[in-house]
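As written, the chain order gives the labels A, B, C and D, with residue 1 at the start of each chain.
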Amino acid sequence: MMTEGYRVSDIMTCCISNMLQDNETVFHGVSSHLPMVAMKLAKSMHAPDLVHLNIPGGVNPSSIKQASYSSAGADLLGTAEAYFPLEEVFDLSMRGKLDVAFLGGIQFDVNGNVNASVIGDYHKPKVRLPGGAGSAVLIPTAKKAIIWRVKHDKRTFVETVDFTTTRGNLWRIVTPLCIFEYRKGKLHLESIHPTSSLEEVKNNTGFELIYDEIKYTDSPTNLELATLKKIDPYDYRSIEF
Amino acid sequence: MMTEGYRVSDIMTCCISNMLQDNETVFHGVSSHLPMVAMKLAKSMHAPDLVHLNIPGGVNPSSIKQASYSSAGADLLGTAEAYFPLEEVFDLSMRGKLDVAFLGGIQFDVNGNVNASVIGDYHKPKVRLPGGAGSAVLIPTAKKAIIWRVKHDKRTFVETVDFTTTRGNLWRIVTPLCIFEYRKGKLHLESIHPTSSLEEVKNNTGFELIYDEIKYTDSPTNLELATLKKIDPYDYRSIEF
Amino acid sequence: MKKVKSLKEAVNLINDGDTVSFGGNVLHRAPMAAVREIARQNKKSLKLVKTAGAQDIDLLCAMDCVESVDAGFVSYETKYGLANHYRQGVQSGKIKGNEHACYTVICALRGASMNVPFMPVKGLNAGDLLVKNDYFVVVEDPFSGEPITLVKTIVPDVAIIHVQECDEKGNAIIYGPKFEDILISRAANKVIITTEQIVPESRIKLNTERIDIPGFLVHSIVQVPNGAAPASCYKKYEVDDKSVSAFIKMSSKDEIRDYLKAYETKDYLGERMGRRL
Amino acid sequence: MKKVKSLKEAVNLINDGDTVSFGGNVLHRAPMAAVREIARQNKKSLKLVKTAGAQDIDLLCAMDCVESVDAGFVSYETKYGLANHYRQGVQSGKIKGNEHACYTVICALRGASMNVPFMPVKGLNAGDLLVKNDYFVVVEDPFSGEPITLVKTIVPDVAIIHVQECDEKGNAIIYGPKFEDILISRAANKVIITTEQIVPESRIKLNTERIDIPGFLVHSIVQVPNGAAPASCYKKYEVDDKSVSAFIKMSSKDEIRDYLKAYETKDYLGERMGRRL
């Protein structure tokens, strides 16, 4: 979907980039191309001293252009400033020193419960999901946990999750349609992407939306879009779409 | 003291060397020149695949000639085969995979109690000793704990220790006069060095000696003495005497 | 004590019912040749342990070698999709899926490396994983009285780790990301190294400070060039897209048997080559 | 955020009453210039933590900077004898001597690096250390019912580590034995690096894989050539026999004040030099 020269993957990347501040320590896991590009964008724009951490352990890789099929491969280490492996990223988060963690999940409900584990009974599931990876320890300990999803539908945003892999301490959820903020134990609709509408969000969300006023996510600037082209020439940010 | 061309430091080194077997993992700590030389002697004589571990972390240093003033300095790492730091040596022992540990101590009693901590009350001691270093965790976990002391007197081998830094699971204690073996909860006199006598051991031991028969420690062979000259030309084995 | 063995001999050390931990992460430096040999030898009731697995776990689940999987994440990467054999195994009840946060696998292995029965974990304090799994328990910290989660230690009987270089003593160097490989080499009772190349001791000696696994911790060494394929091996080869894509589509055990058969020549190449000095 | 500071500024970050952990081991790569500056700034009631200390602990005990010492071993090496100031401090009751097995210090720091309140320890299961110290407790393993010893976590407020090379971001490389330095850099709330030399980032970049402490963990950097002396610093200098021997003989605080004074020129050399590129 293309509006005024940018796509949904662009606005998701840009709005995530704008959530990141200078000097923050920020981690993304496997299959996390969009946040990876957003981090690199933030570093290029307003957060040069952001610390980029990842599974292969490459601190601040100078380029992400080669991290093609994976975001856990060695490419992120080859051009890095230092080696800081996953084990230690977890320890860092436990110590309260990980500022931002990017995490996934399959189901979310209005109370901030996250499911990445199973549909149905845990011990004999109808569907066994890949698992929450680090979520169950990173969401409770990272200062800001950002969930991103490229799917926004009623199977993803549900009344009640089938299983609570973890809960609480979410900060933002970014979807192709909008941004949710987790506040006082509930997901609040923070802003709707200009590429979507309140109605579309409503129709694709399985719980009653909570919001005070309708706000729209800032559109990507021309500078952001130009920078994206430079740092992500192979369009990894759209890989999941 | 010189008897038939060897000194007490030589017989102590040689009898310790003979306690070590091929393929064993063996650790010595700081200020442990005599065991360090004994390990090197064993490797040169009958245990080529003995694994030499130490505080600086040098696995199987090819030479110990430079480990002059210290046995925790970097010299043991410079010529080593790999790096395996102290932390990991401890973990190895916890896993039951450290075959031999060399440890010190200031007081020992017939029941195998070891004191390296204090004389007098623990919280307000008459004498604060250096501390047991790794003893309190290594003596219980190493397969064979060997204590060596260059002093054998009634202040060292006492009726009852002032404080039990650790106890039990000793294997051998080697002194300038004799070797004790720890067996069925008691220190047994295993052998007397030919440089000493039963009387001398008795007169310098603060507890009643336990033994079945009087045996004498094997004298160093000419080959052992010649090898010692080669591997320990600066006579580090005598540094504590 | 000769440590260098054939792939068959080394994998033969694994007993049915063993707890086995693999090095690497998802599609990177997994010891795939050894995994294939496990399937060929038809090992049974293995308990697999890994923070994040992909084809290694999926293949053994497909071939009915697996009793349980302790992992934080089991899936291929974005491009290849889900680990369907693992999923079906768990869904049918044939395989017990013990879900961890990746970090609790790490902590359970740290417990093994220190030989303690559990490891306290800060982060895991909410949600159903805590409730549904008997390997987590919340206790009172005796020092502060506050609640703290413990994860039960997992001691792998065998760890299999694929490396780029190793000498005949087992001194091994991993280039690029090490993932949890150093930890599992310390946690397991027996360490099997598969290596792209067995190099002379004199060459390893030039890089003493870079040795990740000292030889005295290693039980067996197997030379297997391309031993991580179709997973990637840093500085050696990328993910073999064709092989992974082909495997993903297979649903029957017969198809997979053919797939394993087709790898035999490659997997047994190292022993025919002998030592490459 | 400029991390490079003068020795005075960096040491000024330490508060009276802080828990402080030093890198190095006995007379090797201890951050002695920083230790001397702590004494000059007359810090009080410090809680020192180290597996095996020597002059670092002894000097601060002599100058009445110390409230307690958690260590496995405090003594000089064979040649120099005992740490008499530490001993006298403990014997007089001025200083609390918390004896550990070196490994229980390591475990207490591992607890800090994982932010858990305790660490289970396999080996410590007999003797009076267990009885006399409230930082050890024996509990029942909830999984097996067997007894297991826990050591209470120690979180250093500040770690001071002396290294051979570090860039302006704090990326630091230790040559030779690392002792527990990497662990304390992860355990402490604040890490101060003193370095023989501040090197350009481009030079550190050549050795990325050898970085022991990544810069983002480092709070402050001080350039102090000979900053470990009279302890040794691998590849740079040996133990300064004359200085250690002289110190060992000193008994009065005045003598030691002169000793500290005599080091001032050397200790403040780095900041006068500026960056050596």
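Heads up, the rule we're going with is that contacts are C-beta pairs under 8 Å (C-beta built on N, C-alpha and C of every residue); 3 or more make two chains touch, one makes a residue touch a chain.
This one's a predicted model, so the numbers in the text were calculated from it and none came from an experiment.
Centre-to-centre separation of chain A and chain D, using mean CA positions: 40 Å.
Chain A and chain B have CA centres that are 58 Å apart. Note on chain placement: the centre of chain A and the centre of chain C lie 28 Å apart, centres being C-alpha means.
Each of the following residues of chain B touches two or more other chains: 94. Chain D has residues 114-116, 121-122, 209 in contact with two or more other chains. Taken as a contact graph, with one node per protein chain and an edge wherever two chains touch, the assembly fits none of the named shapes, being neither a line, a ring, a star nor a complete graph.
Every pair of chains meeting the touch criterion is listed here: A-C, A-D, B-C, B-D, C-D. Of all the residues in chain C, the ones that touch chain A in their complex are 25-28, 51-52, 71-75, 77-79, 82-83, 86-87, 90-91, 93, 96-97, 99-104, 106, 121-129, 132, 176-180, 183, 232, 234-235, 238-239, 241.
Interface of chain D with chain C (complex): residues 107, 111, 114-122, 137, 139, 141-144, 146, 148, 150, 152, 209-210.
Within the complex, the chain A residues that touch chain C are 30-31, 33, 55-58, 69-70, 72-74, 77-78, 85-87, 90, 93-94, 113-114, 117, 122-128, 130-138, 140-141, 163-168, 239-240. For chain C in complex with chain B, the residues that touch the partner chain are 1, 112-116, 169, 171, 186, 205, 208-209, 211, 214-216.
Considering their complex, residues 23, 25, 49, 51, 59, 80-84, 88, 91, 94-96 of chain B touch chain C.
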